[in-house]
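Structures follow.
Next, two complexes with chain A in common: one pairs it with chain B, the other with chain C.
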Partner chain A sequence: MSKIRFTEPNREILARRDSIINDLTRLVDPAGLITSADECRAYETDALTAYRKMPLAVVLPKTTEEVSAVLKYCHDTGVKVVPRGAGTSLAGGAIPSEDAVVLGLSKMNRVLAVNYDDRFIRVEAGVTNLSVTAVVAENGFFYGPDPSSQLACTIGGNIANNSGGAHCLKYGVTTNNLLGVRMVLIDGSIIDLGGDYLDSAGLDLLGLVVGSEGQLGIVTEATLRILKSAEGARPVLFGFPSCEGAGKAVADVIAAGIIPVAIEYMDKAAIEICEAFAKAGYPLDVEALLIVEVEGSDAEMDATLADITAIARANGATTVRESRSAIETAAIWKGRKSAFGATGRVADYLCMDGTVPTGKLSYVLAEISKIVQRHGLRVANVFHAGDGNIHPLILYNANDPSQQSKAEAAGDDILRLCVEVGGCLTGEHGVGIEKRDLMGCQFDDADLAQQIRVRAAFDPRWLLNTDKVFPLDFRCQG
Partner chain B sequence: MTDCYKPRDECGLSSAIKDAATAKMPLVVRGAGSKSAMGRPLGGYAMSLTTERMRGVSLYEPTELVIGALPGTPVSEIDRMLAKHNQMLPFEPMDHRVLFGTSAEPTIGGIVAGNVSGPRRIAVGACRDSLIGVRLVTGRGDVVKSGGRVMKNVTGLDLVKLNCGAWGTLGVLSEVIFKVLPKPARSLSVGLGGMNDTTAIAALTAALGSSFAVSAAAHIPASIGSDSTTIVRLEGSDGSVAYGARELAKLWRSFGRAELIEGDESANLWLRVRDAHWLAQPMDRSIWRLSLAPSKAPHVLADIRQKLGVRYFFDWGGGLVWLAVVDADDAGASVVREAMANTGGHATLVRASSEMRHRIDVFEPLPPAVLKLTQEIKKCFDPDRVLNFGRMYAGI
Partner chain C sequence: MQTNFSLTALADAHVSESEKILRACVHCGFCTATCPTYLLLGDEADSPRGRIYLIKDMLEEEKPATPQVVEHIDRCLTCLSCMTTCPSGVHYMHLVDHARAHIARTYTRPLPDRLLRGMLAKVLPFPGRLRLALRVATVSRPIRKWFANLPGGTQLAAMIELSSSFKRRRPTRRLPGATVDRPRGRVALLSGCAQQVLGQNINEAAIRLLTRHGIEVVQPIDEGCCGALVQHLGYESRALDAARHNVDVWTREIENGGLDAIVVTTSGCGTVIKDYGFLLRNDNAYAQKAARISALARDITEFLHELPLQDGVRTTGQVVAYHSACSMQHGQQVRDQPKSLLRRMGFVVREVPEGHICCGSAGTYNVLQPEIANRLRARKVTNIEKVKPQIIASGNLGCITQIGAGTGIPVVHTVELVDWAMGGPLPDVLGRRLG
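== the complex of A and B ==
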């Protein structure tokens, strides 16, 4: 276990812990400062639970000004800061270190403005993804990105990881739905990038900040584009006797000029796990399942689904089942969105997040199966087929240290495969600590050096979410 | 005429930039030069560099909705290739030749460098939203890649977007990769006549707040032609467009009687909106482009019109205002920027004399902390200041 390295904590900082905490009490509301070991333990890991580190302290500011004061203090005194939204990172993006202050945004959860005429909502960064849509749903609007963890995950975390979700095939990922941010730089300065209009002025720093995994600054407020919901939406289940048939059907649908709102893929292992959990009515006698969702008026959905169904049947689909009610629709999506949680009930798992060209999906699935078998483990595949973002869940037993090493090694092999076929290490979960040491597979030294220089333009002392994203040995060369 | 590097490939591009960096000799970087008169003037630089010889589509997978090209590839070549598979660049890039009276065909590298989009931007995003991968050569001469050919990718910092709209001040693109979309089966416009700016923006807002697949929304006021035109475009399947048009006409009943426009007439109208056709002549007028929240646009325009003679129209449902300024000794900068000051939006001086663009901030002035970041980013890409130095901001 513990394949992933952490840097040795700075002893000088650890020795100053009491005085640092004392200073922090003057910067934030005492209710927002957590220092006892018992309470800090809630922050020692995220959704990559195999790794844990106790933070120096946790601060939960309530305002941008408090965030600014804490960052300025940490900058001036050389204390590392680990930003945290809801702690749902599967890549260890929010795992602290012993010499770092965790800055959590959970108390910054107010909705600041909703404007239907200009179609935006402005929220504090600790607001959860799902609650954004909940606020605007009564007027028939929604927010596009819908990661599976949307009940818990925050907008701040979504921005840090450029989160997507099942419906981003049509509605795009976070970066396509974000109009502006207020953020605090490590020196405490507060900046606004973008706003309630399209295309920010100057260099696209907003685009740069999205997906930067908390290394460029801490976003405290966000202006998000909201959209009017379609008149109706209807998912259909297509069951296939072979994975290849399902993969081919996806390619044929897109080649026919049809862009459904979502095309989700599940293999047999995932179907069984999710059906047992959600009772969604998934067919159990098939090797692969596609959930294809279309939107629009009834007539439009009927027409589009007829085309998609013909393509699916031509590729051997044996089951075709349209949702006929809101309850059925909810059950179908509940099964898919609870895939990770449902898997967690039957085994420990590592969730991969590579993206591959959609034309390589069948090949990649076959190779993944070989890789996992070679390491003596099992895998369940559930992913966004329309955009090639795959989520193999490598199943293992965490109580067996040798199995964890094998699972991690299999994961590395799968991600190398994703890069080899022209894809990338992570589509929407972030690099975090988990994929940090694989960055060299995708990028050469010149690529990484330039990224590190850009990072240093924001955080020259390398204090924000250190030990993440970039290989530990690489940063000094920047 | 200045001397010009004309590299044929990425390697040649890198060595040209390394030469320039070693000699600390600033370069004017361009594609075909259709937008050379945009931005702060770069007079006095001895050398230029053009990517127009780096041409060709490097990757096209229709079933994966992805296309890649070298920077000097004419946009028309990409359009033609995509059209063969009934696909398109989603963001409908503007052709600046109309405004600048230039003739050389715009290149895809130039489109990315300027983050150039068109009317469909409100529905599918800007150039930067379709761009998923780049290769580029920095001012150090380093070849750097970011993003790739897959549409979901959060691996490392997004230098793709950072370089889109950077006007070649950070790096010179050597390959650009986009996600593309199928062409809609049908495109149809629905228009209203006789509306003032305020009611027109309200009508567009109602349309954009509907679920009828609106892909563009513009208002051309009466001052441009004989009568005003308030128009939206619906795109999608045959049935959805027909249904949307019927429903929209109902939705718009309180504004007036909606008229359907289809075929070439509709297509030509949107080309004119895209290229700001109505403001092109006379050529000596200065032209501004304002980006702001649509609901603020009528008020801002009323404010500007009290002080300046302007011709104007609205795209993006009111969120984009094109403005031609008549007779002002600062091209209207003080009036425009004052009117915009409290909106949060920004104004760009797209067309003006070289003297004017030297004297007036072409791009929206940046707050100090953002300017400082911008300077640091410039420094880390181009420490010797050889790439389009000063084109966006003095010292950048």
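== the complex of A and C ==
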């Protein structure tokens, strides 16, 4: 049924399972070691449930030292390790291998320090994205990156995937908001990269770690930049009679040099799904909707909105509606942020994550609908338009194996299209297993070989998140 | 999410219902973030998504429950916070009910656990037996620590600890209903089982409030437990019997005099009564009647909120922390009415931080899982005390007891405060503070 290949598990490791588990009992607290089939099953997949593999065992350490002990042991005995945050990956980044130990950070969820003078917060990697903002909100601060899964996803996972979110148009993605990490390398050594300030001396190893999908080491603590919230924020709904008009409006806003906090796009299918769930007042009589949020003082918001509204009208916007209350604003964002889950009410879906130049949005949207039609399926589009990070949701029936392969084929075509128009395979969900075999479309052999050498410098035995990111038949040792 | 049920398995109405629920889940993991046990334990198998996955495997494979699955399902509070969070509309409550019934059918619990659960199911829903049990518990208090060393003893010790924390003020009796001249409406008020013994003052306040607004109140003498307690313990057929019994009792009232509502002052019961229509959907003789009963069920605050309400007559202004019971905010999705009533009566209502997280009461949970329940109570009390309230109000006796055992701040039922503001007596626990 599934096209994504997994490597054959190492039989020697499988045969040693009992002794490996026995050794692990000495390295972590008993409540943090999971070995029964029933309990391991809860870890056999993440939010890409089309793929599942039972892990050898699961460890849930409580301290950096425990992480270090487990990694050193796995390194010394040649056992693979799959790191896991909250298991919300849509690209299968946390899907185990049968001969791998899953190392989950969910028990490491303490806030270690908050410093408002220097504007940073230090947390353990298992802290969720939204709870970072929750900690500092009472003092008028927030953490910039806000992936739609921010309620559940962890900072560790955000770092591994360089996660973005709706508001990254203005505030940047994880790499722009991360000051430092404590990380455990596969041999168990604990290193600190970066610091409590924006730049650090020497090679930018922190930049290298961000987006490395758990293949260079396991981040256990992170220092994050926190920002002062704006005086006010106001989302505005712009409804368009055509997808092309909405796409063109986004391109024109960006081309005009206006940087709102967020420009989110929904097509008709997504609007209907989200409105049914969130009752946010999205217009139902349009083909496409842009949620544009501006912030600042009232005068600043009014001025920016006037410019954006003029551009939207010029591109045929028929509905322009500003949020007038905090409750309305919350509903507008709730609908948008719950879009993927709410889609589950109508169909199964594969969520794509590619990035395209904003000038190509209209063209790409038209092509996506052709691709999906060609495969006999439907699509709902809901994405971060401002930075060209598209998320077509390919709707299908997971209980019909033929639809599963059609959906995957359509997904591949869409991602190839992103690369063809000058964009890339992934915006913020990572490569994982989902896009691993498409890496050759994005990079030539020399590029891949160089990336693999970097990876091997950190993990020469190729034990960390082994089956992810790089095509299986393109492996070399450093 | 993909499912893999055999056609024969799907012929079973329960399985086919659960399959539909599982198909809606996209495994996004949002629910993990608002699950109290996941927050405390950090194990996927102690999150809604993990439990859904374990249940899926157990049902698909048609296999008996294993001790591991039972442990994780038992740790679920049934607070239903996950259902409020879920964007996909997964009906976790119906799925976990099915799992509990499956566990009851296929798994033999260790003897102490069986005895304890059997005792809870045979005592709590029956006021006479509960009164007797409380006397025994009070007498046993000095030796409760001795129990802790026995198998299942921590639970027994927790039960004794909890029951001896009840402050029984006066002998309780079953309340008669109350008639009014030229009634504007007629409602049945659920007597409740444990509440009759432990919190009769709550329904006394409710009756005063209702009659003050011209509502005639009936309390049918033969009404029984709503069935929630036995249902959450996995005794499915007993729960259905309880539901059928009450459907009959209330249907008789509808036919003799009519009912505008079935008013409930314990939100845990309200959640289940509102679900009678679903529980009895496959019972041809009861499906329709049960659906009518569910449609009539209202939390007291919902019902009062729809009335043209009288003004308060007392000087209020006290700072009240409103603790929304999980069965209220998640089970019934009743959120604003209780707070709005209290504000209308002049109280200063403060929202409790992390208000969506359970206090650990959860029916019989604080007896069966005392360690987790105590940690949740401590967390809840810390959060409540942050807003510096003079009074804590809640709409569920279980929460009132649970929170009351962890703080010196008086905890009362919402209707007791509203009744006092309108001229009713001051709730006993406030006597020394506001009197």
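The rule is short, and it goes like this: the second predicted complex is superposed on the first by the 475 of 478 C-alpha atoms of A that agree within 3 Å, B and C clash if a C-alpha of one lies under 4 Å from a C-alpha of the other, contacts with A are read in each partner's own complex, and residues count from 1 in each chain.
Just so it is clear, a contact is a pair of C-beta atoms (placed from the backbone, for glycine too) under 8 Å apart; a residue touches a chain by one contact, two chains touch by 3 or more.
Quick caveat, the model's predicted, so the values are computed rather than measured.
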item	value
Which superposed partner A:399 touches (first chain B, second chain C, both, neither)	second
Chain B versus chain C as contact partner of A:423, first or second or both or neither	first
Partner chain(s) touched by A:316 [first = chain B, second = chain C, both, neither]	neither
Partner contacting more residues of chain A (chain B vs chain C)	B
First (chain B), second (chain C), both or neither touched by A:9	neither
Chain B versus chain C as contact partner of A:447, first or second or both or neither	first
Touched partner set for A:456, first chain B, second chain C, both or neither	first
Touched partner set for A:341, first chain B, second chain C, both or neither	second
Touched partner set for A:241, first chain B, second chain C, both or neither	neither
Chain A-touching residues of chain C, taken from the complex the two chains share	1-3, 23-34, 38, 41-45, 49-50, 53-54, 57, 66, 68-69, 72, 85-89
Chain A-facing residues of chain B, complex	61-66, 86-87, 115, 117, 121-122, 125-126, 128-129, 138, 142-146, 148-162, 164-166, 170, 181-183, 185, 205, 208-211, 213, 236-237, 239-240, 243, 291-295, 316, 319-320, 343-346, 348, 363-364, 366-367, 369-370, 373-374, 376-377, 379-381, 392-393
Residue ranges of chain A in contact with chain C within the complex	31, 34, 36, 38-39, 41-43, 45-47, 49-50, 60, 86-88, 104, 106-107, 109, 126, 128, 130, 149, 151-153, 277, 338-345, 348-349, 398-399
Chain A - residues contacting chain B, complex	115-120, 140, 161-162, 164, 168, 172-173, 175-176, 185, 189-193, 195-208, 210-212, 228-231, 251-252, 254-255, 257-259, 296-297, 299-300, 303-304, 355-359, 384, 387-389, 422-431, 435, 439, 442-443, 446-451, 453-458, 469
